[in-house]
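Paired with chain B in one complex and with chain C in the other, chain A is shared by the two complexes that follow.
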Partner chain A sequence: MLHVAVATRTFRRYATYRAATLSGIFTNSVFGIIYSYAYLALWDANPSAGGYDSQDAVTYVWLGQALLMTIALWGGGTTDDLAERIRSGDVAIDLYRPVGLVGWYLASDLGRAAYHLLTRGFGPTLIGLVVFDISLPGSVLDAGAFAVSLVLAVIVSFAIRFLVASTAFWLLDQSGVKVMSGAFAIFISGMMLPLVLFPGWLGTLANALPWASYVQVPADIWLGKRQGTDLLAALGFQVMWAVVLIAACHGVLRLATRKVVVQGG
Partner chain B sequence: MASPGPAQHLRTYGQIAWLWIRAAWQYPTSFVLLAVGNGLITGLDFVGLWIMFSHLSRLDGFTLHEVALLYGSASLALAVADTAIGSVERIGTYIRTGRLDQMMTKPVPLLVQVCADQFTLRRLGRLTQAAVVFGWACTYVDWTPLRVLVAVSMLVSGALVFFGLFVGFSCIQFWTTDATEFANAFTYGGATVTQYPLSIFPREVMVGLTFVIPVAFVNWYPCLYLLGRSDPFGTPDAFQFASPVAGILTMAAALLVWRTGVRHYTSTGS
Partner chain C sequence: MTADHTSGPLIDVRDLERTFDVRRRVEGRRRRTREQVVAVHDLTFSVDGGEMVGYIGPNGAGKSTTIKMLTGILVPTGGEVRVRGLDPSRQRVELARRIGVVFGQRSTLWWDLPLRDSFDLLQKMYRISPARYRENLDRFVDLLDLGAQLDTPVRQLSLGQRMRGDITAALLHDPEVIYLDEPTIGLDVVSKGRLREFLRALNRERGTTLLLTTHDLQDIEALCDRVIVIDHGTSVYDGTLAGLHAQGGSTRTLVVDLVDEAPPIDVPGAEVRKVEGPRQWLSFPSDASAAPIVAAVAASYAVADLSIQEPDIEDVIRDLYSRGA
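Then we have the complex of A and B:
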């Protein structure tokens, strides 16, 4: 119940900035259009690259734009608040609250993700539907699995961002690590180019890392590329990384509270 | 007393920038990681293009070297503009927090202060990466004296166009302070659009990028000349030499918008 309250309040906090949301939707759509034409040119030259056809490819572009903010691919989200509170020392107050720190910030981030999905997710998707011939999920099952996959994607991404923010316990400032991890995530998640195009060992590696659950896995479910047991394997992959990474968050937090002296105000 | 000239402004800009470099160095780990991270972002960008070319030999008739020339020149122009005046994007924050009011009381032009504020060398990463790709692509160009001249004018004009876009679109924040992302569609969007041969886009996009948001002059038209290609859209050859005009016009328009914005500005009182 408490966590629901935390999530709804974060949702409302983000909902305050309407102009920011509108300009964000506009920007996502511009990038969506640019990448769509780039991919169309690619698939025009090689009509079956990576096992996608050109409609799959364009759909993939718009899914990526819709997920960019929802998954917080560049980093940030509510873990930025945490990093700032570590830097200022306010995290001491969070630590003696009778609620777990990870659960609190996760709830908050899910609230943020819900807001970004409704606005920055649906907005560009509508534009994509109007301007380009993008495909919708083939069945109710695929649509449902996509929704589950999306929540898992946010949890995996949250855990990684939480770990990045935690570096502030040691470095005081997370921004360097954040930029690095954001750049890496954009590339290795399939946001920049679908992982199905990555050649050889690079493709195998990228598909095994947690970042694959950001964009590639949900997109493949949407496109109907994962069916039957393969669909279960896709969701299982995300659950596995979510469990491992959230456990890592708890571990790092324990280390940090034992080793690090909280900054005095 | 003579009013201070542009040289004086440049000196002030340098002094403020130096202050911020020393401040950033207080967190050395972050400083280094930010520089490397920025190089990495753009580096991976190019790896993306390279992976694309592992699935095809020509993108709309352009080889990897030719696309690298387009990519490198646009990236270099953006990096120069972004390093020098990227801070202007944060003007909405300055308005919200009241810092703009403080700046207005100081005897240095507002634009100089805003651009030099929180100056960061971390974009050196991007600058280096762009220079490397551009240098590599240049080895495939069949150079003549005129082509060298066009290449130099391309880089300078490209930076001017991006200067103009950064300043001009950031001015929207004088009217609405939380719409920073809107400008990204034109600045970073412009940089992304110019990574590809413009011919992959429909004709309307080409017209828009030539006459409205003139990023086509950042690299497309001059690169056509460097590569000895004729324009697939059939625009006049004169466009291939017109980049400086586009740069100066964009810059002038941006300064005009900036002046209007500053006049319109009323303090939030905070």
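Then we have the complex of A and C:
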């Protein structure tokens, strides 16, 4: 109940930033178009690169643009609020409340993600659909699995962003870590180039790391590349990282409150 | 109040200690040196249910640090804290349902949300029954005169309005103890008065225990029967407000207006503190009678007027602080 209330309030809060939303959709679409032509050129040269055909590749581009803000790939989202509250010392107030901080911020981030999905997710997807004729999930099962995968992607990304924000307990400021983590995520999540194109050990590694949950796994499910037990394995992979990372958030928070100081008088 | 832990005091602080490691840059050295700041040490006191305690001390004395340890958001580096028999830092969540905190410097309200929405979230967070919530909200809103602000986003509230909102927020779940860290900071005289009246009523009607930190001694005089003075992290006085006067070795002042200017008056049992033209200030111990001094002055000088000033609590405390330094 509380967490639903938290999520809806964050949703509403983000909904007040209309101008930012519109310009964001515009930006995503411009990037979507540029990437689409780049990928089309790439797949023209190698029509089955990574096991994708050119329609898969273009669909992947637009899914990436739709997911970018929904999972807050660059970092940010409600975990920026947390980092700011740690820096100012206001986190003291969050800490003495009878609810866990991780659950609270996760609920809040899901509210944010829902808003970004409806706007910055659907917006570019619609444009991709009209202009580039991207493919849709092949079955109801795939569509449902994609929805689940999307929620898991948000949770995994939230946990990583939460860990990044928690560095503020020690460093007072998360921004250095956040920039590095964002840049790394862009690359290793398959946002720039699908992980299916990563060669050899780099591909194996990237597909085993939590960032694969961000774009590659949901996109593969949308494209119907994961079926049957393989679909279960894909979702299981995300669940595993979600559980591990959320546990890490709890651990870090416990460590932070025991060792570290709450700032300010 | 139900009492399952009432065998001991409500708040029990024993040999409490908190140090901070800080790194400082020292002139001439390249590396920063580690240094320990002792914020609280050897602090022992206890508070019973229903008390209203003033917790005062100069800047940096360790008041906020103590309150953070009492709420469980800061872990002591030594000694013990128990609130209702619970260890605040280990049982923070359990304790949170029983305490309320107001930090004058920060807000517990959600910046972007209307006041009412913040209260709503708190109802869900503390699982306050709808009936009780309604009742409390109506009452606090009425007493603190917040009705017109309920639908205003917190960031648009004035300091005083926000503070009243924060106090409401801290009390909605009927806490047994409320810690107030400088709740009157920045409030005007009328708001301060209203707030004090409200806190008094809360204590009287619900038996809510109050621990109050402030630099405004009128808050203490208006609210607290008991005062704990802390300086350099440790308690230097714990007792009644009246006792604090005596402890300070405080003095009363006899103000004498002479008919003509004169050298400092010399009478037994009193000492001249100040001379300003024909007016002189003589101090004498609070527990001594003024009569013989007045008589002695009148016998030797031509007196135009006399008055006696009672000791000022601020002077007493200033005295206490400066002795500790």
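Points to keep in mind about this one:
The definition used in the following text is that the second predicted complex is superposed on the first by the 264 of 265 C-alpha atoms of A that agree within 3 Å, B and C clash if a C-alpha of one lies under 4 Å from a C-alpha of the other, contacts with A are read in each partner's own complex, and residues count from 1 in each chain.
To be clear about the criterion, a contact is a pair of C-beta atoms (placed from the backbone, for glycine too) under 8 Å apart; a residue touches a chain by one contact, two chains touch by 3 or more.
Computed from a prediction, not measured in an experiment: that's the story for all the values here.
After superposition onto chain A, partners chain B and chain C are found to sit side by side with no clash. When both complexes are overlaid on chain A, the residue A:9 reaches chain C alone and has no touch with chain B. Looking at the shared chain after the overlay, A:171 reaches chain B, while chain C stays out of its contact range. Greater residue coverage of chain A by touch, when chain B is weighed against chain C, goes to B.
Using the contact criterion defined above for the overlaid structures, shared-chain residue A:50 touches chain B, although it does not reach chain C. Once the two complexes are overlaid on the shared chain, A:22 sits against chain B while remaining clear of chain C. When both complexes are overlaid on chain A, the residue A:93 reaches chain C alone and has no touch with chain B. When the two structures are aligned on the shared chain, A:184 is found in touch with chain B, with no touch to chain C.
In the superposition on chain A, A:1 makes contact with chain C only, not with chain B. When the two complexes are overlaid on their common chain A, residue A:258 makes contact with chain C while staying clear of chain B. Between chain B and chain C in the chain A overlay, the least Cα distance found is 12 Å. In the superposition on chain A, none of the residues of chain A is touched both by chain B in one structure and by chain C in the other. Remark: chain C residues 20, 64, 68, 71-75, 89, 92-94, 96-97, 99, 101, 103, 105-108, 110, 112-113, 117, 120-121, 124-126 touch chain A in the complex. By the touch rule above, chain A contacts chain C in their complex via residues 1-2, 5-6, 9, 13, 16, 88-90, 92-93, 95-100, 257-258, 261-262, 264-265.
Listed in rising order, the residues of chain B touching chain A in the complex are 27, 29-34, 36-38, 40-41, 44-45, 47-48, 51-52, 54-60, 176, 178-182, 184-185, 189, 192-193, 196, 200-202, 205.
By the touch criterion stated above, chain A contacts chain B in their complex at residues 17, 19-20, 22-24, 26-27, 30-31, 34-35, 37-38, 40-42, 44-46, 49-50, 171-173, 175-177, 179-180, 182-184, 186-187, 192-193, 197-199.
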